Amino acid sequence: MPTIFFYGPELDREKKKEMIKSFTEKASELTGIDKAAFVVYLRKSTHEDVGVGGTLLADKFKGSG
Amino acid sequence: MPTIFFYGPELDREKKKEMIKSFTEKASELTGIDKAAFVVYLRKSTHEDVGVGGTLLADKFKGSG
Amino acid sequence: MPTIFFYGPELDREKKKEMIKSFTEKASELTGIDKAAFVVYLRKSTHEDVGVGGTLLADKFKGSG
Amino acid sequence: MPTIFFYGPELDREKKKEMIKSFTEKASELTGIDKAAFVVYLRKSTHEDVGVGGTLLADKFKGSG
Amino acid sequence: MPTIFFYGPELDREKKKEMIKSFTEKASELTGIDKAAFVVYLRKSTHEDVGVGGTLLADKFKGSG
Amino acid sequence: MPTIFFYGPELDREKKKEMIKSFTEKASELTGIDKAAFVVYLRKSTHEDVGVGGTLLADKFKGSG
């Protein structure tokens, strides 16, 4: 039944798999709940739709990438 | 004022309408709050961004679809 | 794998059961996904922590209840 | 550490910047927490994936736009 | 229809009112959507249930408060 | 900037610390983003406010605990 949401950058398939596996195994170990009950959502967020410290990330990083 | 979020597969327009109608009517009936106050968000999630039991769904279903 | 969040008033046990059952059955029917895969979270919200139209609900309803 | 999620229509870049700045400054002022600690997520929602009062917005506004 | 979630410390009633009013007015102005359609949820989070940089805030601030 | 939400049972302090540390380190490694930018929210959910497969967990587990 536990559910995990990750809001962050898009990852490639191998990294998605590793994140889901790692989060689920650690959370299952700590809660004592079977791994089968865990759902992990990877919710993509880009520099165009998130602000940190009051500044849109797209502005913060422009010129630096 | 109540708000409902649905994280799941993309649905066609008729099914979206039916889900929103059904959730709202039942929740309005149970809370006693007017239907007009309810908002339902349908947040699409695909097999590429959700894991169950520690496995990315895209892997779980590959070969089966 | 689909997940539903309900943000609204606290309900008594019978109403919680009916909401969970109704949301799950309708969503299972519309998505074609087995009921066993659905998780519904009931997240309580009170008049002290929600605002509508720019006004805290606790203020909106004071004197009326 | 505080986090704000905005679910609503897509905005142009200037409006995104102003929303992030305004939310962060006001929340920093009210909580006494440094602006640098705030994250604001703008989560786009369209008339095709939100219902109000039991009706899909795409239906509510058809013909009017 | 837009919805805003604030995850952060508990605030006193006057600050809650000011946050809700400020977020709603700014978001209404930027989206062009009537204030009446906005819902703001204040979701309390404490130092016991949030981690920053890998450290539980309750540990980060112990001895400093 | 990435943010992680965990919806699940209450944990004791040591387990909270380990979950936050593990999620943050793995996510930092996979995204290449500094650990300092990660926030993890532990959102408690009980058997009284979550349903699985259409059944309130409080009913599912009664008599078994």
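Just so it is clear, A, B, C, D, E and F label the chains in written order, and each chain counts residues from 1 on its own.
Keep in mind that, in the parts below, contacts are C-beta pairs under 8 Å (C-beta built on N, C-alpha and C of every residue); 3 or more make two chains touch, one makes a residue touch a chain.
Predicted model, so just to flag it, every value in this text is computed and none were measured.
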Next item on the list: Enumerate, in label order, the chains that touch subunit C and subunit D alike.
Entry: A, B, E, F
Margin query: Quick check for you: after a Cα superposition of subunit D on subunit E, what is the rotation angle, between 0 and 180°, in steps of 5?
Written below: 180
Item checked: Pair joined by more contacting C-beta pairs (A-C or B-C) -> B-C
Note to self: With centres defined as the mean C-alpha position, give me the subunit A-subunit D separation in Å.
What the structure shows: 20
Margin query: Centroid of subunit B to centroid of subunit E, CA atoms only: how many Å?
Written below: 25
Checklist line | Multi-chain contact residues (two or more partners), subunit F | finding: 1, 3, 7, 37, 39, 41, 45, 50, 52
Check: If each chain is a node and each touching pair an edge, is that a line, ring, star, complete or other?
Finding: other
Check: Looking at the whole structure, which two-chain pairs count as touching?
Finding: A-B, A-C, A-D, A-F, B-C, B-D, B-E, C-E, C-F, D-E, D-F, E-F
Item checked: subunit B - residues contacting subunit E, complex -> 1, 3, 39, 41
Next item on the list: Note which residues of subunit C are touching subunit F in the complex, please.
Entry: 13, 16-17, 20-21, 24-25, 28, 35-44
Checklist line | Residues of subunit A touching subunit D in the complex | finding: 7, 45, 48-56, 58-59
Margin query: List the residues on subunit B that touch subunit C in their complex, please.
Written below: 1-9, 11, 15, 18-19, 22-23, 26-27, 30-31, 33, 37, 45, 50, 52, 57
